[in-house]
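Chain lettering (A, B, C and D) follows the sequence in which the chains are written, and residue indices restart at 1 in each chain.
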Amino acid sequence: MFLHPISWPNGKKCAASVTFDIDADSLVRVGRPKDAELRLQPISMGRYGPTVAVPRILETYRRLELTQTFFMPGWVMEQYPDTVEAILKDGHEIGHHSWAHEDPMEHSDEVEAELFGRALDTHIKMTGRKPRGYRAPVYSITPAIVNRLIEHDFLYDSSMMADDLPYDVVTPNGSLIEVPPHWGTDDWPPFAHMGELDYIMPVRGPSDGIKAFIEEFDAMYEAGGFWMPVLHPFLTGRLARWRELERHLERIVEQGDVWLTSMESIAEHAKSTGSRLRKENLDTGSAPATPPTP
Amino acid sequence: MFLHPISWPNGKKCAASVTFDIDADSLVRVGRPKDAELRLQPISMGRYGPTVAVPRILETYRRLELTQTFFMPGWVMEQYPDTVEAILKDGHEIGHHSWAHEDPMEHSDEVEAELFGRALDTHIKMTGRKPRGYRAPVYSITPAIVNRLIEHDFLYDSSMMADDLPYDVVTPNGSLIEVPPHWGTDDWPPFAHMGELDYIMPVRGPSDGIKAFIEEFDAMYEAGGFWMPVLHPFLTGRLARWRELERHLERIVEQGDVWLTSMESIAEHAKSTGSRLRKENLDTGSAPATPPTP
Amino acid sequence: MFLHPISWPNGKKCAASVTFDIDADSLVRVGRPKDAELRLQPISMGRYGPTVAVPRILETYRRLELTQTFFMPGWVMEQYPDTVEAILKDGHEIGHHSWAHEDPMEHSDEVEAELFGRALDTHIKMTGRKPRGYRAPVYSITPAIVNRLIEHDFLYDSSMMADDLPYDVVTPNGSLIEVPPHWGTDDWPPFAHMGELDYIMPVRGPSDGIKAFIEEFDAMYEAGGFWMPVLHPFLTGRLARWRELERHLERIVEQGDVWLTSMESIAEHAKSTGSRLRKENLDTGSAPATPPTP
Amino acid sequence: MFLHPISWPNGKKCAASVTFDIDADSLVRVGRPKDAELRLQPISMGRYGPTVAVPRILETYRRLELTQTFFMPGWVMEQYPDTVEAILKDGHEIGHHSWAHEDPMEHSDEVEAELFGRALDTHIKMTGRKPRGYRAPVYSITPAIVNRLIEHDFLYDSSMMADDLPYDVVTPNGSLIEVPPHWGTDDWPPFAHMGELDYIMPVRGPSDGIKAFIEEFDAMYEAGGFWMPVLHPFLTGRLARWRELERHLERIVEQGDVWLTSMESIAEHAKSTGSRLRKENLDTGSAPATPPTP
């Protein structure tokens, strides 16, 4: 089933990590810079994430005794310090998710480097350490960003889709674990409706939308693989949707044979498997540092 | 489940309010001003709302002895006076919904103020009182509109999405109850198909589309929360769809433990809970009164 | 349930008419005039309609002894004379559906008048009579077209959506029966995928897509109303979809209490109910004859 | 049910061929030529096809003892020689699928001819023979391409949609078997999500998306027809989706009365039925060789 299967610790049958990207109102502020301040509806929709959904999600995690991963733009961390504190207090991981969810394909790498560093400073200041993992806004990771992650000793990225299981991205400058996402377990297609970003979906019902993620889990469980939904508090943290996913997590926990853990733990384990891990060569050296002017 | 739960009156387990925005043919007239008069298909589709769907909805409400809320643009009230009269005769609430469904982000706040006032005059003239509630077209509420609502003694708005339950929007100029909508209970994504507004969805089947709203209710019921679908007579007032929703309302009414009432009653109750209500600060003072030229 | 119910002949509980618009390859030829000849894929997809799907549909109709209605652009009639002959041989109705599916909103009414007349001539030449009914391409009927239909003694139109049941469109120049379509029973949203027309839907499965139409029927049946799907041979005439709809028609026929007939019969019956029919006033006199230049 | 039914060999009740188009990262490289090198996410998503999905698919085919067909752009063959080798080693067919998935409607036929020939050379070099079949990128086959296929002795094309069953495309320059695809059995509408190509679908769940294909099979099986899904390894080769389709293939194989074979075999059999095959005349002579400048 897998060309490069991974054995999970303690005899667990499969591994899983639930990731939430807390973009909050950075989406509309970056997407509509000229008048975002006036757009109270998308701002309020974004604010639902850290102020309503994250406490709900943390409560579930505490009850089920889970340690999971959140990705946060630095700007969002600065705007919502209580959210950062609550997440850290419960022992969860916070990964790097850009400064304010700017798409790296829409500015030069000089700008990207500056924004990346600004977010890194925020992480160090607010979490007391450098983040170990990174996910690019809209998954737009570039070769220059890969180089930057390696340069800053990141353990893993989670933006590329070349495999079902974690793999090793090998560049001339060093390597990085990739913990791959997938559009079939991302909650934007079933749930997002945001005219301000020209992203208007027909919005699935709660059980219908979450069922797709659960079927992805079932296949991964059967094959001894890895399941990683990419969720957003303002979408899947909504009451009815979270109730569906929460029930699924309860089932997994009760089952006992799934290693449901943070991304950092997954990536460390993958790295520890060494030469058995799939290698994906990436010639980041030859890639231009700056995207051509659009 | 909720950080700021609300206890409902008379020991009711949860609260609910079914809201209909009667936009009628204002949508195509504002969306295609140059030639709307020629577009008889979207005009007739809009006219279905007040002339066919609203009588059907009112019949259900009479049979189930419900008092609910409709939001109407002033222009629609003037065009369909019988609709206004029928709604008022049965004791329902009519909320402010702009002059003719113009998106406030697409004109200056001076124009918005004029249109807002014109609609307000229509409400006073046709209903005998100032409306207590407001919903912005396409939810596009701005800080200047919030100020205007407070200035005109509105009790509540229903355009922002920062919470599941009603909350208090606190500004330097006073406060306003927010009764929040949500894209998961809006009927445009499952049912709308309007090329004239560049909004073309794959149109769900009646039971499939309404099932999503019912699942949202189920989650809110279980948690003791608040359910508020945002519907449109020309969409959900269609026979097969309304039959699905009507059956759901019959079940709720029979159950007896749901406070199914008007938005005004919900907002008044929320306001009466005082300091226990979530406060959301909004610095409407610092917001520019006029959106930048697009 | 209906403000203006209609009693159906012979004690039938409800009425129904299955309509097929045979647009064939006119869609891509008009939509991409500069290079349509090169686009063999959408041309072949369109040709599937008259050459494969229509014979299949006619076979079902013969077996179930049904007389139904097809709408055909004049250009399509000229291109597919065998299709016209086969339809007429089985006693079905052919309605006017423009010259070659040009959207009336995209040219002047002078052009529209010329195209309308050209198609009318084709109908007279190929069917031996003037058509009794009309449906506008993409439902884009204008006041000038309504006047033209009345001038040419059309019995009915089927492009406007102001009611569930047939109604009377009353203009200063005379009246016309409207047999209203509805987006919930149109097969473009569930099944069409045509990049050449910028209309790309996620394509529902056969049973899922047809189920929506059947639920609309069920509601109409229960209420004693009228069901009229708007179908296209190249979409719903595909084998698996037609199998689903065919089974539904078999059930209806077996049931025996549904008046499943041509649009002409429906419209004549509606007209015969006289003053009990809903009147919809339309001031076609005041409408400009020519749309403003886009 | 079919105007031109085909009897299948050895008393098989129906025929089927599972086709995979291995586009890999050619999609983003051609779609975003200015900066594709920077877009690691769509590149990695594409790379999933040959490196992860194709081995999985081949394993299933080996287990079920199936010989099927893959279509590959020449550039992809050059980039992924191991994939070509693995496919050939198991005895499967590789069809011509352009040089690098460039849409033939977006360049002149001179350019198209050059790209076509370059891919042909790659096929000959890597597979040791000329391909027998062709599928156009995004199905954009033109009259000039049809002429070119005939000139190069291709047995069949699989880009046009005029029938359910294979048919004979007759031109002034000779003829070609068409093995027709259909949007209801293409995996882009249910599963693709690729902002770089402006193709963003709401992404169905695995069982929901595959169910549509199976229903198409069921209808074809019942009618003794032909079923040919058009799949992409990076979409349907994903674990959970492939598991659904694999189970369906297992059922078909166990059933024993379905001729599940390569496209070449299907086309050869269709050709052998001679005059009973549907003829579709195509005047490729009169078509301009070069599309007008867009």
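One rule holds for everything that comes next: a residue touches a chain if its C-beta (ideal position, glycine included) is under 8 Å from a C-beta of that chain, and two chains touch if they have at least 3 such contacts.
All figures in this text were calculated on a predicted structure; none of them were measured in a lab.
Greatest centre-to-centre distance from chain C is found for A, with centres as Cα means. Although chain B and chain C share one sequence, what matters here is the overlap of their interface residues, and that overlap falls short of half of the numbers used. A straight line joining the Cα centres of chain B and chain D is 49 Å long.
Per-chain Cα centroids separate chain C from chain D by 34 Å. Residues of chain C in contact with two or more other chains: 201-202, 204, 208. Against chain B, the residues of chain C that register as touching in their complex are 1, 3, 105, 136, 138-144, 146, 159-164, 180, 182-184, 186, 189-190, 199, 201-202, 204, 208, 211-212, 215-216, 218-220, 222-223, 225, 280, 282, 287-288, 291-292, 294.
Interface residues of chain D facing chain A in the complex, by the touch rule stated above, are 34-35, 37-41, 44-45, 47-48, 51-52, 55-56, 59, 191, 193, 195, 200-208, 238-241, 243.
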